[in-house]
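Reading through the structure tokens given below for one structure.
Order as written gives the chain letters A, B and C; numbering starts at 1 within each chain.
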Amino acid sequence: MKTEILHNFTSRSRAATADEAQRGKFRSAMDFLIAKRAAQFPDPTEWAELRESGQQIRQRALAYLPKLLVQFEQKAQQNGMTVHWAETPLEANQIIHGILQRQQVRTLIKGKSMVSEEIELNQYLQAHSIQALESDMGEFIVQMADEKPSHIIMPAIHKSKQEIAALFAAEIDDTPYTEDVDELIQIGRQALRQQFFNADAGLSGVNFAIAETGTLCLVENEGNGRLSTSCPRVHIAITGIEKMLENLADLPTLLTLLTRSATGQPITTYVNLISGPRRADEQDGPEEVHIVLLDNGRSQAYADVQLRQTLQCIRCGACMNHCPVYTRIGGHAYGTTYPGPIGSIISPHLLGLAETRDLPSASTLCGACGDVCPVKIPIPELLLRLRVENVTRAGTKDHPAVMRGQGAKYRLSEKLAWQAWSLLNTTPALSLASRRSAAGLRHLIPSVKAWTQARVMPKIAPQSLHELIKAHQEQKS
Amino acid sequence: MHSNSSISLFGTCVVDLFFPQAGMSALKILEREGIQVNYPQAQSCCGQPAYTSGYSDEARRVALAQIAAFPGEDPIVVLSGSCAGMMKHHYPTLFHGMPEEEIVRQFSKRIIEFTAYLLEVLNIELHDLGPAESVALHTSCTARREMGTLQNGRELLRRLDKIDLKTHDHESECCGFGGTFSVRHPDISAAMVQDKTAALRQCGASKVISADCGCLLNITGALQKQQAHPENKTAFAGLHIAELIWQRTGGKSQ
Amino acid sequence: MSARAHILAKLTASHDQPGWPDPVALKTNPPRTINAADQLAQLKTMMAAAHTEIHEVSSENWPEKVAELTQAKNLNNLLIAPKTALGKQLQAQWPVDGVTLKYDLHHSGGKEELFFSVDAALTSCRSAIAESGSLVLWPSPAEPRLMSLVPPVHFVLLDAHNIYPSLAEVMQAENWAAAMPSNALLISGPSKTADIQQTLAYGAHGPKELVLLIMV
């Protein structure tokens, strides 16, 4: 599975850019999301102030992260929740499986959780004879199609309504073909009703975890999050360790940044604040609430001052919505749970830089992502940093080891080529000579084949600017 | 007239090799305004290709060579937004915490992008001799985001009063060059430049103007390749803004 | 070493490195006093934009309004919380032709009925937030969670005196941090999704209709 990620990015992105229909779908979907977000931030001053606050809240919480995790654990336990810690996806899966086994759960109903995708929970549970059913409409659709989500907020963004209509008609009993979106949603609602009713356990993600009160905050529009966490007798929540917020008072700023950036809404239909299982006198709500805190490489990003900024992310998806690369290749081409710009900076920590070595360079550094990040993650700067780590082996003089897979793209031949290039560009006599030969061209455009895929080879001018200006100045004097 | 002023000109490697006429146009515009233009022959490349590929040591070596080539304190006018951004914003980052940091900072302070110099320092008057023409403007991502020069291109074109500026679809989107990105990820780059050129062809202009030759290399290269297709009969040209200005304002030195 | 110990050790070790920025003290804004009429207007605008049906009522006539609406919507039944003040006030309006009142579905094993036969439910709400157009509900033993979630139509009664300008202000004014309930929630409209080709559709899993009765 892991080597597949690496070797497939080039061929996947090639296939994706050749798929005209998919390109059209992503273009219109991204245009829609871009416009919705823009309408929510009409005032540049308000935007600047809000994101400055957002950045400060996230950086402050990260600065105190170990303390907050302990505080959260204490509070959550006081509230009656059980807190679990997992370093790896396998550990997280084992913990969740253990809870379900103890409760003799056969079917787990899921609200939306990207972290559960990250650990490949559904596959693990299936291998252990437990069915994990997706209830978020987008996730429900991709699960039915046996695919992975292609966007962190809108999982089925790559599917047209015709494809969904055909899917429902084929996979759901007694369902006629209809392209009417209202009807399709009602079909989904009906199909999942019984599942919510029957489910013994529900799993959710977490948008924010609040240390001060031991509270989990979940946002959603559909209601499946509330249903998954209120109907079954067991609720399991899973989150990355970086989602900790210090205080309840930190929530409003991040909430408004999240919903406006992600779907262009002032607020989602539902904002759930869960602080424990049902109290003794309550008539519904889960009897047990578990929270799994997952590391999976986040502590690696945490250890480096610059890279730690990656963990500020509130998973809004605005970066990928504005990314010209994501718009052309879609989410699946990245081969990672989190695609787009955030995917390219977080996946190296979760999966290793060796497995994701093509991602840091899959960007023109245009900066559209950094412009819209609600918590001011300097994404292009982090991509550049990862490019340095990609070609610098751990143990290189004056260069510390910071991440697994460092130096994965190191090639002696490439290093020597750049050294030659730097020699050329620091020695005027050599530069002059190379300008007169194709050597200069080769340094600027190292792969003729790649360049000429879409362009003609540029012609070197008969006289360089150096020569023309020299002649011009001699003429004047 | 600013006959007491002198500047140093950084041509950029792309202009040097492929678009020297853009450099000459810029030079002549400046000289016509009475500016004395120095062009240190030892200059080569700002170092961006190595920098964006992760080769910081090599980028630093080249950066120091450029700094050494430009002694003095005069402004350094740069013919491309992305190279200007490299030298103004990324050089200090490259040398952060190193002994050369202060020298580098002093150098970076002198950097000014060409269109910014024409407008902010010279407040240049342009007498447009025509003919009337529709053009599109492509602003490089760096110019847009790091140098804040989107408005400069528009303002200069506005001062050429027989130019009609057309907007093109998804105008703020990257053209797909990204330096080595164009050859490392050729399929994605090709898709981006295809969309950019399609938008340009459809906007009602007959040429695209840019203040960044890296983008021009990419866009004009694609436009020319597409001319092989029967549906692209009319040639769609690309031109550096300096050349456009020089051509339309008489194209003659005093 | 446990995962917990290992994770905390890794995170804590990172703090020994030089160059960590000092955490910034965050500023809090003082609570504002906003004209009640403006707040009410903002709440209504925001909620209507999210497809909430809104009616202004009085503290005396709202049961009549509920009766009228349930009949107009052809609802067979209405789930209420009979032990609450509002539940009692509503019961006095009944019987209403064609609409049966239902209660106690939680503890009489009525989950199946709740899921598959109940058309609507009526709950109170604690307060509302004008800026985002949201209702604040803290489900309780008397008004359990599923009432405001499972039936396709949700009627909510709001006292207009309990409208706050923003979430930050209601949290501050009511000191939520001191004692959070097991479940607190904000509801800002009926359930919806745009997961199919970015086309908006209502009634995904939660109520398809949210009917807000504001006692002015």
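The working rule: a residue touches a chain if its C-beta (ideal position, glycine included) is under 8 Å from a C-beta of that chain, and two chains touch if they have at least 3 such contacts.
None of the values given here were measured: they were computed from a predicted structure.
If touching chains are joined by edges, the resulting network of the protein chains shown is an open path. The chain pair sharing the most C-beta contacts is A-C.
Distance from subunit C peaks, on a Cα-centroid basis, for B.
Subunit A and subunit C have Cα centroids lying 30 Å from one another. Subunit B and subunit C have centres, each the mean of its CA atoms, that are 55 Å apart.
Multi-chain contact residues of subunit B (touching two or more other chains) are absent. Multi-chain contact residues of subunit A (touching two or more other chains): none found.
Taken in their complex, subunit B has these residues touching subunit A: 9, 11, 13-21, 23-24, 27, 39, 41-42, 44-45, 47, 49-56, 58-59, 61-62, 64-65, 141-142, 144-146, 172-174, 176-195, 217-218, 221-222, 224-225. Considering their complex, residues 2-4, 6-8, 10-15, 17, 19-24, 26, 28, 46, 50, 106-107, 111-112, 115-116, 131-134, 139-141, 144-146, 149-150, 166-168, 171-172, 176-177, 180-199, 201-207 of subunit C touch subunit A. The touching residues of subunit A, counted against subunit C in their complex, run 28-29, 32-33, 53, 56-57, 59-60, 63-66, 69-70, 79, 85-87, 91, 135-138, 141, 154-157, 159-161, 164, 181-182, 184-186, 188-189, 192-193, 196-197, 212-215, 221-224, 226-227, 230-231, 241, 247-253, 255-256, 263, 266-279, 281-285, 293, 295, 299, 302-303, 305, 308.
Within the complex formed with subunit B, the residues of subunit A that make contact are 10, 13-14, 17-18, 23, 324-325, 328-329, 361-368, 370-371, 384, 387-392, 409, 415, 418-419, 421-422, 424-426, 428, 431, 435, 440-441, 444-447, 449-461, 463-470, 472-473.
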